[in-house]
């Protein structure tokens, strides 16, 4: 954070030296309401907070950022309309957004068509594979989350698992990607169940998995209330197998909802954000994570979540690229984005290249476990 | 066998949640022939207000009472401001009005409260009860017991009290009811207050199990509506049986066939029942007046 | 309504469609215009079902879903041209409506509502769950219809926005023309008769079941074609298109504008499509305002905007 501030201060001076021009218009279409509000709400709040911060510190190159933020409610059709509006009517220079894979894919066709750099906040791998010229993303792919989990399972000698996943976009997408990479980690999926996003009880599904012979652990890709209820049902049924959750519930709120007793021993791949106070001094992420966590919790009085962190990173990447590009020309921003090298975010350290528009590797994920109601790193 | 009992407990728990919502539908429907699609929002309000009052330091029972009273007041306002002025409107207009009300309440809640998930502590702890080889949580008993208690209370109300009969009379023939001296305006107000109060009570009971956020109302209203129609609209017995059946179908389908299509099976059963019995299981047959 | 009134309505529609682009400050307005026309198309289908025949549906988004996914799936799996996929989708929707319509339409009022609701939910559930085919909740890409390059070869350069504005407008005009013709035909009169009273209609010898079914099938085709158009212009589709809220939105548009009237339906579609775009300035209050508008219109303009306004204008009831 300190480095960024100094950099910004320097840039500010440079900015004043050059002729002052119009504000930089940054667009965003997020699912701040609707079924994916879980993702979009902290993302929107994060962007609003950060824009305020940057502007209070003199903006980028002396120009203030104007954030044009739309709430697409998780509806891909609306997202497409807002993307068109951002590009054609508001004439933004770049777009952040797409809380879900569906909305992201809708925005992509507009961003690609009009040549506007776009950083997505959704998980699916197809967003950046194949690489699209103007499309980047900050979250790990769901596939990486699966790989991280499977690696931990291998370490613990687990080879046969059961899966229970939400039928929402997040759960379904991660489920599919886990199935794809299970084989290469010598993991066999013996049982496979689902639940609807607002289901109240998952004991039938868990009972079925429990009674499947040979299952050594259970994996629950999902977000929202589902995983909390799964975790509580898990305790209710007295299942002794290790329970793995996904990065979709990586927040302190999850422990609260599931109850510390039921959540004891739950493992998931999370980001540095969750364990801000546990990160060692000298870890490059320490400052970034602490600064974001402190100001977010101070401003909104609620816990940070991994998803807000995605927005934070997207915004930092964008600011960094715009200041390096030295102009607000979309193509120049895109080129600068692709040249991003070692930008430290809350999720990990980003290094983009022509054939990698995610720029994270597995090392950014940390395997966390809940012990006595607290997150503990077990890597 | 153990697995079967587990499916049954799950079905009864979830079914009782549906039944609680469905029971809320019956009173308003009985009094005004309106299916109130905002019923799910009362459940949400019950949960949300209790959570926020509880977090603010109120004891749980007091927080629950507060939530029920506020929800009842909102129910009365809904009747006075939106349903009464539209009396005589066709079914489709009434559907839009109540869906509009549901969107409005949800929109207001996301501003007044927040968009986060919340939970209430279980009333009698989280220690599972072992019964016949399967387990269920004490809170499930609260929900199932609550559904039965409300059912009995409603049944007594409609069959044993003058006021309850007045409600039925108002629904049957408004003008005739007025002629025999029933204050139909009061009956309507009362029905909305009661309905909303039942919804809010349901919200308080189910929140420790289902969790609550500003947007859980739609899903609950849909399931409750389906349950009420399966049982036959307007009949408390239908609401209870419809809700429990729906929950059991879902749990047994998830257990024995496919968890992915458990809701599909539930809806197919409903469609099947309606084809054979167009008024639902316990619905009264109505003839069209020309 | 006379033949003259029919042409007046179509004329008004066409003039608006042609004149509007003159006031468009940017390409975004073409997008909103196209959306309005697509929505209006499905709403006109509901005018036939709700306005003419007096039947409810809370599941028509299911047909929109069938139309949309036909355009995504048929080109990939059957090698069909996307334009032909629209027809295929319409055919499947009609067949589906025919199959489920007969038993479902015996139900009345709220029972019909729950049955159609169930149908819509089933469709969206299949689209969500059959991941290997539909891509699940994440959705799937829809191939380009490929008409713009064709136009370019003919020397006509249009942007994507302009093309879909024109295409949606044309299809809407066609849809409006068919619905207005239907209104005057014997079939339309029979539908409107059973709307008044089924028993009465039956007594004068109208085959009630048949005309209800016809209205249901026709409205399904409208919804399906609208779904196809949406999928083609978005280039990407998710199961949301078949969701319950989309069904509600369609019915609300129909009733808001005036459920018996083709022009009213277009007006209703325009208002509800524009509302979220206008309300972005209020952000958090969007839902609140939307709910408020729905209630107010139903209370004060029970016939819907257009009929209520014209009735007042003429100083008599409709």
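Labels for the chains are A, B and C, by order of writing; each one numbers its residues from 1.
Here, a residue touches a chain if its C-beta (ideal position, glycine included) is under 8 Å from a C-beta of that chain, and two chains touch if they have at least 3 such contacts.
Nothing here was measured: the structure is a model prediction, and the numbers come from that model.
> Compared with subunit B, which chain's mean CA position is the farthest off?
Farthest from subunit B by mean C-alpha position: A.
> For the pairs A-B and B-C, output the one whose chains share more C-beta pairs in contact.
Output for the comparison: B-C.
> Measuring centre to centre with CA averages, how many angstrom lie between subunit A and subunit B?
Those two chain centres are 36 Å apart.
> With chain centres defined as C-alpha means, what is the inter-centre distance between subunit B and subunit C in Å?
32
> Which subunit C residues reach two or more other chains?
Where subunit C meets two or more other chains at a single residue, that happens at 129, 286-287.
> Would you mind listing the residues of subunit B that make contact with two or more other chains?
110, 260, 263
> For subunit A, which residues are shared contacts with two or more other chains?
Residue numbers touching two or more other chains: 32-33, 167, 194.
> Considering the complex alone, what residue numbers of subunit B touch subunit A?
The contact residues of subunit B facing subunit A are 3, 6-7, 9-11, 13-14, 17, 110, 114-119, 126, 128, 134-137, 206, 209-211, 213, 215-216, 219-220, 251-252, 254-255, 259-260, 262-263.
> Enumerate the contact residues on subunit A facing subunit B in the complex.
Interface residues on the subunit A side: 32-35, 37-38, 41, 167, 193-196, 198-201, 203-205, 207-208, 211, 224-225, 228-229, 232, 235-238, 253, 256-257, 259, 261-262, 302.
> Spell out the residues on subunit A that touch subunit C in their complex, using ranges where they run on.
32-33, 69-71, 74-78, 80-82, 84-85, 87-89, 100-102, 105-106, 108-109, 113, 124, 126, 167-169, 172-173, 176, 194
> Okay, in this complex, where on subunit B does subunit C touch?
Subunit B residues touching subunit C: 35, 81-82, 85-86, 89, 91-93, 95-97, 99-108, 110-111, 218, 222, 225-226, 229, 233, 260-261, 263-264, 267-268, 270-271, 274-275, 278-280, 288, 290.
> Show which residues of subunit C lie in contact with subunit A when the two form their complex.
Residues of subunit C touching subunit A: 25-29, 31-32, 35, 128-129, 131, 136-139, 141, 160-161, 230, 234-238, 240-241, 276-277, 280, 283, 286-287.
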